[in-house]
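Each structure below appears as structure tokens.
Below are two complexes that have chain A in common, paired first with chain B and then with chain C.
Up next is the complex of A and B:
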């Protein structure tokens, strides 16, 4: 019984927010490209590069904000690079995405060793972490207070960004163009707007979001860089995009669900469940989530067919 | 027609060179303000290319275009839109998940607070516009869920919203029922008379030219053959101008009496890709030496019916018999062995192998015959080539060689490859879907003759076509389908086109439901 309280406590929710944030950020980027009709599986690499660059510049310039800024600029560059191949040169987006992931993995390891001379992990007291936010008035409220206080500033920025992403896609002309570019590019073109520009924009936006995600991972979450530290979060984010049908609030909830399961895995470790097992929880959940999506649409289809057969036989 | 004969659009020596094709060859043409101008020609004659140049989708290799006296310098759709040119494309340029209003205002959205989309204002603007022009639409309806006729109306409103006074309609009636076509023509006349618009219609249906246009221009192989006042010409003259020789539109002679039932469907239910029932209890019989035509507007179950009959789609309920053998639940290969050949509706995705040669395409499905291969393993290239050569000549494939890649052929020639392969199988049953879609008049005439010949030799033929004229011309009996049900059955001579239209839209049905007979 007491084990249950060890697992399900306020810490679990705090961890949920922390672990979900990078996935939410990357997923917001992923849904931009998804809406623009690009299948982007390169988010993992984008995050990894963002994470490395953020640590490197935070350390070099002794400033977290410069780290974040450069990570985002890098994200823009990668977004442009991705768009150059996928949109302009019309190469296969799957291959380019894979290439980006492999490239990011290799590049960060190479730079880690050649610049900082370390293998595996670079952690140094010189890396400036992102500031945490503490609001005094929240202290008086139970549960909510400790939950919402003392988070990295990125947690709050992320919530605002989710709203902005929704506002952009569903309440601005440009957002409509971006969605039209994904769903029916010819209609946008004949209306006088170049769909490739929209795709380019989506790709750059994705780079920016992934830059943020990476910076949060290495400066807001852990204050260090580890080889391969994106740890497939880009793919989890992609799963969330599919699960949430590329709609920002739904994708946000899907990412929170993932964050919760990830945090649950960590908590289970504290009561003695082997960590190898607990770390599989979010991935198993992802697979189940996607299976659910497929099965439920298939079942709806079958139900409709069956219903119509019944109706038809009743008529006859 | 207005008496003011002011020129609104002028093409001056336009040539358009695509890789390997001269699509427009020194075309000069003037369109007058306030007229309805019809541009006719076979497929690939260059009429769409010419209009795409006017709309700024292509930049001509040579020549100039003037709109309202101003020379067009940069060929961009945006520039054309600003000069008041609007185009309704053959394939609609609409975003299915957006609403009617959102589609109409796309790229010119009303805004609030500088950057936000004013959705309410978009709805009210569209409502006003539709009332002003008498084109009723529901601004808040989702485009993917409304009928094709309404979608076309949305397309027209879209150009009007952008302030167009020159409207180009590319094959506007291809997807419409006769009733919807009448409605469209009324709209066109009204906007020309009341709103002083100029309308250019691209078409290859000659009776429509006669019905609606003031003047007509005929194109052939990229050249403008002639421009005439519509009242001075008739369909026969236009047809020979289009093809460059006399075309016989007479009824083709049918001989022989119907024999045994070779195709039979009994209370058939078939679901579409979304799991919705597309064929709802269809029963039909086709006898040897008979053509049964299926007349239906696209998306009313005829495609799924064909796919079920040929084994490409599973049957949910009911039976199919081909040449007396149970065919439901069998795969396409097994059904073909029962004696069925099939011309699929989409030649590009299911009719041919695009990157392969004409020769290779000719023997698909026959490659294991002993005349073409040693024990079904090693191909006898020389006899395959001889066979392909024979079919190539017999089916009059022009402008290509036997080794030409099928993907590079014109629509007409590609379809002839499919017809040649399937008809040379000499099966007693033929399922023919959209045999002349996107095919020029010459090839159409040829394919029609082949189909009738097959019928006269005792084939049972099921013909599905979106072209009502084709169904009426070839069939012995006609059934109409609406929402997956048979709504009527007629002898071909006993019904006219207008009446069929009512059955195709479900506004009339045959009372007793005596399908099949």
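Up next is the complex of A and C:
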């Protein structure tokens, strides 16, 4: 019984916020491309490059903000690169996404080795971490105080970005066009707006979000870069986009749930479950959640068509 | 011979763009080396020596080629039927572990019994692990791309747990860091070139590759698979058992991956370790994609990839250039091929438009 408190405590919630943040950020990018009708499985590579660039420039310029800035700029470039193939040249999204992941994996290790002369992991006291936020008045509140204090500033920025993403998609004309580019490109064209331009914008936005995600991954808590440190987070983010049906608040919740499960895995280690087994928790959960969501939406759809049929027959 | 020249003629533009893409990718790799302070000519020389320099290293290159070719074919088998198996890595791990443990438990038995059983266990383990996402896709419409990627991580973590330090399948041999017990010597594949990784696995692989090619190109099942992959609806209305075809092609893909895992262990690694594969499947996938899922093309291309891959690690050892340059070169080839396809499509479209305009203009006159 005492074990339960070793697993379920305030640390679990703190870890949830930490592990969920990069996934939330990447998922916000992924939902942009998803809304624009692009299957983007190259997010893992985008995150990886962002993480590397953030560490490299934070170290070189001794400034975390420059690291983040360059990571985001790189994200824009990758987004343009991705769009060049997928939108302009109409290449297979699956192939380009996979190639982007391989390319990112190869490039980051190659540069790690060539620039810093290390293999595997680069960590140095010269890398500046993202600032942590501490609000004094929160100290006096139990549970919420320790939960919300001393997080990396990105945790809060992420929440704002989720809101902005929703605002953009559902409350601005541009966001409306973006969604139309995925759902009904022909009608968008009839309205005089080029759907390809919207797709380009979506993939650039995705690059920006993934750049943020990478920067948070490597500068948020651990100030280091490790080979393949994105660790399939891009794919998990992609899964979150599908759970949340590409709707920012829903995707946010899905990513939080993933973060909770990931953190639960970490906590289980403290009770003596081997770390290799606990690491499987988020991946298994992703598969199960995906199955559940797909099946339940399918059932809803069937119900709807059945109802429509019944109504139609009644009318007849 | 006539057939070969014919097929070359048919795919002339494709071959030309492939050669240009490869050359350009190698040049880009050279520029990257130059920028990071290495001599590209020296490095590429070291790469070639690393792949062809002696009988031993050439054996390693051929072994790598087997792996790439089989994983590429595994991708092709399911891609033809319209499914993307991205989970070959996990299937490879499980197949390798199953075959290894079969060998370990049957110690002392006749190889005539043990080796076929090991084959069977690798096929079953890999196939079953691919069956899960296949059924989820076909029956419930859950995207197989995500589920296979997720199942990859699960398989790799579980295998790592099983064979490492305190895991239930870890070896008790002294002086061995991690890994399962060794496969008994009598069961291992015979070495073809001393001290190299090349074993009789190459013959088994040739049989598998031939079977894949034969089934896909020469049988009605292969045609039905292709029809299903190209147009699922058409397959449905043509009365093809499309669900069955899709599931079985995925299972076959997983079974091949499982066998790759077995060949790694029985061929040269001796025991199952968590380092059994370093994302081999992803490289095989790239080969299959570059060659447009053409089985013969995959065999040829996997040799080229093997030369670069094995050569790159030798190059890293002798010149200090990171061996990961091979991954960059592979990815750049794909990007260039994709770009070429898009550009040539755009050009033909423009030409067509021009032609239409011309003829229309004449008619008006």
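The working rule: the second predicted complex is superposed on the first by the 296 of 316 C-alpha atoms of A that agree within 3 Å, B and C clash if a C-alpha of one lies under 4 Å from a C-alpha of the other, contacts with A are read in each partner's own complex, and residues count from 1 in each chain.
Note that in this section a residue touches a chain if its C-beta (ideal position, glycine included) is under 8 Å from a C-beta of that chain, and two chains touch if they have at least 3 such contacts.
No experiment lies behind these values; they were computed from the predicted model shown.
Peer 1: In the overlay, answer first, second, both or neither for which of chain B and chain C A:270 touches.
Peer 2: A:270: touches no partner chain.
Peer 1: Let me test your reading of the model: by the given contact rule, A:287 touches which partner, first (chain B), second (chain C), both or neither?
Peer 2: second
Peer 1: Examine A:305 and indicate which partner it touches, taking first as chain B and second as chain C; both and neither are also allowed.
Peer 2: A:305: touches chain B, not chain C.
Peer 1: In the overlay, answer first, second, both or neither for which of chain B and chain C A:296 touches.
Peer 2: In the superposed model, A:296 contacts neither chain B nor chain C.
Peer 1: Between chain B (first) and chain C (second), which, if any, makes contact with A:171: first, second, both or neither?
Peer 2: In the superposed model, A:171 contacts chain B only, not chain C.
Peer 1: Kindly classify A:63 by the partners it touches after superposition: chain B alone (first), chain C alone (second), both, or neither?
Peer 2: In the superposition, A:63 contacts neither chain B nor chain C.
Peer 1: Between chain B and chain C, whom does A:183 touch in the aligned arrangement: first, second, both, or neither?
Peer 2: Touch status of A:183: first partner only.
Peer 1: Check the contacts made with chain A and report whether chain B or chain C touches more of its residues.
Peer 2: C
Peer 1: Applying the document's definition of touch, where does A:106 land relative to chain B and chain C: first, second, both, or neither?
Peer 2: Touch status of A:106: second partner only.
Peer 1: Which parts of chain A are touched by chain B and by chain C alike?
Peer 2: Chain A residues touching both partners: none found.
Peer 1: With touch defined as at the start, can you tell me which chain B residues reach chain A in the complex?
Peer 2: Touch residues, chain B against chain A: 55, 57, 76-78, 81, 87, 89, 91-98, 102-103, 106-109, 111, 115-117, 119, 158, 267, 269, 271, 274-277, 280-281, 316-317.
Peer 1: Using the touch definition up top, name the residues of chain C that touch chain A in the complex.
Peer 2: 32, 36-37, 84, 86, 136, 140-143, 145-147, 149-154, 157-158, 160-161, 164, 166-167, 279, 282-283, 285-286, 289, 321-322, 324-328, 330-332, 334-335, 338-339, 341-343, 345-346
Peer 1: For the complex, give me every residue of chain A touching chain C.
Peer 2: Contacts found on chain A: 41, 85, 88-92, 94-96, 98-103, 105-107, 109-115, 232, 235-236, 238-239, 242, 274, 276-277, 279-280, 283-284, 286-287, 290-291, 294-295, 298.
Peer 1: Which positions of chain A touch chain B when the two form their complex?
Peer 2: On the chain A side, the touching residues are 167, 171-177, 179-180, 183-184, 186-193, 300-302, 304-305, 308-309, 312, 316.
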